[in-house]
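Two complexes follow with subunit A in common, the first pairing it with subunit B and the second with subunit C.
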Partner chain A sequence: MKNPKVKLLFLLFTSAVILAVGPAWANTVKVGVVGPRTGGAAATGQAFDEGIKLAINYINNKGGVLGKKLEVVFEDTAGAPDKAASGFERLVTRDKVVMVVGESHSSAALAEIEVANRMKVPFIVAEAWADPITAKNYEYVFRAGPSNSGVVNETIAKWVAHAGFKKAYIVAENSDWGLGIAELTEKALIALGVKYEKLTTERKSQDHYTELTKIKEFAPEVILAYVYGDGLHFFVAQAGELKVSPRAVILDGAGPPSLWPDFWKNVGEYGNLETFVSSMHEKVELTPLAAEFRTMYEKEFGKSPTDYKSRSIFDAILIAADAVKRAGCTDADSLVKALKKTELEGTRGIIKFGTTPGGPEYHQWMPPMLIIQWQDRNQVVIYPPKAATGTLKR
Partner chain B sequence: MLPMALMNGLVMGVIYALAALGVSLVVGIMNVINFAHGEFYILAGYFSYLFADTLGLNPILSMSLAVGMVFLFGIVIEYTIIRPTYGNHMYSLILTFILSIVLQNAYLLIFGPYPKKPPGWVKGATNIFGDFCYGNQRLAALAAGTVLIVAVFLLIKKTWFGRMIRAASQDREMAELNGVNTALLNTFSFGLGCALAAAAGVVLAPVFPVTPTSGVPVALTAFVVVVLGGMGSMWGCVIGGLILGLVENLGAAFISTGYKHLFGFIILIVVLAVKPSGLFGSRET
Partner chain C sequence: MSYKRFYVILFLASGLFCLLPLVLDLYRLHVVIVSLFYVMMAASWNLIAGYTGQVSFAHAAFAGIGAYTSGILTVKAGMTSWLGVATGTLTAGVTGLGVGFLCLRMGGIYLSLTTLGFSEILRIIITNEYDITRGTMGLQIPPMIAPYSKAVHFFILLAGTLLTLIVVYKIIHSNMGLNFRAVQNDERAARSLGVNVIRVRVLAFAVSSALAGLAGAIYGHYLMLITPEIPSLDLQFFVLSMAVIGGLGSFAGPIIGSFALTILSEYIRAYGEYHVLVFGLVALAMARFAPQGIMGLARQFMPASGVRQ
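After this line comes the complex of A and B, so read on.
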């Protein structure tokens, strides 16, 4: 091969062959994770990173999957649908992942499910709540986390009825999640006969004085706040300044921002008596694996777990690994069949996907959710009654 | 509702004006659009948080140190990144855009994704005329913002340095012929522009905690104010900031809270359609 052109062709051909058969030689099984590592919800990316690290150790210490180590490849979506769709596609085409899990932005997940469906790659959504994600009934799309309808109908509406609130105010950020959950809440409040008003706020808004002045004029007993991220901190602090709370109880309808490390620094004493939705409590563990997760987390990171999204992604990766093991191969259709038959203990309960098509329950597993209230900086479970560690204070 | 909307519009307007003054100064003198303006605002918020919260320094001292450090950082950036691009506006635009992304990621790496809030100067709220409650920290921000804006005007209108700035922004070559070192002036002006962003940052961080990406809307608003008021016009910044603050809050109060920032853009389009050079801008000849 003295001719340089022939040499180059040979090199290109060899490289192409290696790239084509590479995955077969690989001694790892790759699972992709999509989520925001940058942008307004980068805190979720941090929680995801923590959960991923624990899941990889947990699975590989038990022998990995199909005799190989589990490897996770993370694509940052920054919460933007365009980045999410291209990131998902990169995971499949460049990294050759067998399955994708994750996401916490509904708008990003709604873009990703289209790619998953088109490329026929199993996708387990962890923390994007919008109903259409599973209501579209895509064969390759699953959700092992809360859905808007599940959270509203199973938890928030029942709590509103249980607490006996007669006047409520719905505040929703203008995102797929916020608008979707507000609409469902509205229907639930109408069914309950609760008097209510509703307003939309900008997703990235920092100043909520105008919104809070309108809320104050209505004098609600409870404010159902569907505002994510640092916007929730602004909302709680400003509600306190305008003396809207604690006259009205604020419910953080997303959860994690009320548990972020700087919550108390940012909201001060106005955070007292605020309530939030959560799939975990600082002291109560729902399954033996949840207790094991806490031990692993404390050992690895030297602090207690707070953001429940680290558990969500941990569970999602466990489900993926379990499906690969039961399928005995990485073929997409075999994985979907295995996922449909999932019955696995996670950190938030026994995970089993719905199989009745037609609604958002298809391929959906809804974890049990709690309503917790900050009482003198202690978390008190106030709903459901069987899990309650105290009662609502006003 | 109306008194609250007016009051909040006034407060937000003063803050917008303060943030926009730095952009206007740099545009007026150097013809450079600093896309990383919001990141300098955030950096001051983080410094203020570090000094006051982590090191336990006095809040006023922390804020002064933060503004000073951002001023020095601005000078370094001008010397290393902006200066080589003189004569080509597109390069400085692209470089400051890249700087903005680099700084956002650096903040994420260093300070983490969670919002950071320096300690407030005052607590609680005041009942205004028995009509509505208003946060004391915001009232303090209004006072501090007003004092800073007046100080900037005095600096530009009444001092030797200000005279040089005005001369260079009117006719750079003539200023040079009269002995003004315009290269040095650029460096100090860019530093001052960054320091103004920093001043807005330290005033507002106790009200709106900073995150790695929260500088983006600040910069966007500052650009809207500068264009609305007229490129390079100091009075334009103040009037533009107040108009934007009032329009956003009145629109949110009486039309919809879901489109607060849209109202500002509508006003911008209307003003540009009627007066393309902005409210106080002079038409280029």
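After this line comes the complex of A and C, so read on.
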């Protein structure tokens, strides 16, 4: 092989073969995780990575599952349905995972549940809220996280009534989550007799000035912003710039974008008095495991946990490991049976899936949700009243 | 290569491919299916770029037209997938004819810019008309044959690939193919010899667009989900890389390039965002060491083996 070109081709070929056969000798139980590591919600992927690391350590330090170590294989879906469907399939066919957990984009999850159902692989959705995900009542699909109807009917609508808002504006991104939650909110506002207007915005838009001018004309008291990812930061900053807020209170209807590390950098002081939905508060722990999670998190990462999605994925992996242990095998149907009987302490409460078919509650566990307001960069719980640590400031 | 030799090779290769569903697991079969889609795309793009010298950036857009036409007709109008694919192919071909008629007089960089603009306009329409297309949420569509089977879709894509390769081969070895070459080599000389340059270009563009539409439509039904990723520039540049790395202007180049790059991208996918970097390095290495692609390398190493343009 004196010719350098032949050498180069040989090297490329050898590398490919080594990469292909590398993981073959591993003796582990594999669980797949799907989520966005790239794209506008890449911060969720980081939160997922943190939760995964803690969950693996937590489970393997306690002996693993079925006498083997638990291994997690991550597939980046970038929040795109096509990447999500092919990534899910790759986890099943290439990596031979026994179960898949995760996802935080409804459109991606809706593509994934079709693959899960077709390939008969249990799938626990962590943070994709669109109702049809569980309303389709697929036998292999579970959700250990909020649903749009749960968040709207149990938290957002009740908060709007509690705060006494009379005029609201719904801003929804054109995704399954955004359009779905906006439709449910509309129904709830009509039932409450709240005057409202609604507009839809492009999911990846960074320019909301036109929409905000329309909103300003309507002069709402509250803006229910269903925009996920960096787009929410642009929306909050531009609303502050046009003085739409704080005259109108902005509610981030998803939550995590208001907790991402670059939130304050992107929105500056316009972030003050912004409100958001969350399943955790920086200083309140709902279960003993949540306190343990905080200790582990601080030890591992040298900072406090902020994005609640690290807890969501931690819980989802714990549920998966618990189901494998109770099933005593990795057979898909046995795992589904075990998942149906789940009763497990997570970081957000006792997890138990709904078993009544017909609606989105089937195979669904809804964690308690809070409404929190940033007040001088401190998180203040303003709803529900029994958990409130302060009152709404305007 | 004579027609007889071409068909013998095609027949033998197809026979070997037919055995793949028996020996490959579902993941590897998926990789082969994706490769076949890219063979259809790269081979048909090569027809205009490699044989007439017209660099179009709208090839993925035509695949998108095929995929969305078929998908929307099957989901909203209850049409069968087969009829949807046929309509999608026809729509892509007719649109290609229209776009070709409007912009192929320009040629060169102007053609590239116009097709780039057309591609972006189409993507924006698909993304924003989400009431019909579901935009970035993706449109879920039925498979070609229900219940879904990977093996069945493999054979359908294999048939589509064979059809594409036969059409491309027949065209480039006909009088029309000679005209293509003449236009590519010296447009003025070709015109002076009586070749209707515009007609040749438009014809190549329309056939190539129809074949891209066919590829997109079948691929959409295989995935059972279509998104604006199909008519995206990302996919366009991926197809372009396959044809260039395989060997632009050679019949086998795009086939080899499609398989090589699809398999490579699967291996380097594990490295997350770094896989784009690795991909770029491979493309740079090819540009440095083998500017004529893998087929150029083959010609260099095996000059006596009959590897030709």
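Everything that follows uses one rule, which is that the second predicted complex is superposed on the first by the 368 of 394 C-alpha atoms of A that agree within 3 Å, B and C clash if a C-alpha of one lies under 4 Å from a C-alpha of the other, contacts with A are read in each partner's own complex, and residues count from 1 in each chain.
As a working rule, a residue touches a chain if its C-beta (ideal position, glycine included) is under 8 Å from a C-beta of that chain, and two chains touch if they have at least 3 such contacts.
Since this is a predicted model, take the numbers as computed values, not measurements.
Enquirer: Give one of first, second, both or neither to describe whether A:38 is in contact with subunit B, with subunit C, with both, or with none.
Expert: So A:38 meets both subunit B and subunit C here.
Enquirer: Kindly classify A:241 by the partners it touches after superposition: subunit B alone (first), subunit C alone (second), both, or neither?
Expert: Touch status of A:241: first partner only.
Enquirer: Could you tell me if A:211 is touching subunit B, subunit C, both of them or neither one (first, second, both, neither)?
Expert: After superposing on A, A:211 lies in contact with subunit B but is clear of subunit C.
Enquirer: Per the contact definition in the header, classify A:230: touching subunit B only (first), subunit C only (second), both, or neither.
Expert: Only subunit B is touched by A:230; subunit C is not.
Enquirer: Could you look at A:202 and tell me whether it touches subunit B, subunit C, both or neither (first, second, both, neither)?
Expert: both
Enquirer: Answer with first, second, both or neither: which of subunit B and subunit C does A:120 touch in the superposed model?
Expert: Once the two structures are laid over each other on A, A:120 reaches no partner at all.
Enquirer: Go through the superposed model and pick first if A:174 touches only subunit B, second if only subunit C, both, or neither.
Expert: The answer is both, since A:174 touches subunit B and subunit C.
Enquirer: Figure out whether A:46 sits in contact with subunit B (first) or subunit C (second), or with both, or with neither.
Expert: Touch partner of A:46: subunit B, not subunit C.
Enquirer: One more residue to check, A:261. First (subunit B), second (subunit C), both or neither?
Expert: Touch status of A:261: first partner only.
Enquirer: Could you pull out which residues of subunit A sit against subunit B in one structure and against subunit C in the other?
Expert: Dual-contact residues (subunit A): 38, 174, 202, 204.
Enquirer: Once bound in the complex, which stretches of subunit B touch subunit A?
Expert: 1, 4-5, 8, 12, 53, 104-105, 108, 112-117, 123-125, 132-135, 208-209, 211-214, 217, 249, 252-253, 256-261
Enquirer: Can you tell me which positions in subunit A touch subunit C when the two form their complex?
Expert: Residue list for subunit A touching subunit C: 5-6, 8-9, 12, 16, 19-20, 37-38, 76, 80-83, 85-86, 89-90, 92-94, 107, 110-111, 114, 118, 174-176, 202-204.
Enquirer: Residue numbers of subunit C touching subunit A in their complex, please.
Expert: Listed in rising order, the residues are 25-27, 30, 127-128, 130, 135-138, 140, 148, 223-227, 229-230, 263-264, 267-268, 270, 272-273, 282, 285, 289-290, 297, 301.
Enquirer: Which residues of subunit A touch subunit B in their complex?
Expert: It is residues 38-43, 45-46, 174, 199-202, 204-207, 209-211, 213-214, 217, 230, 233-234, 238, 241-243, 260-262, 265-266, 268 of subunit A that touch subunit B.
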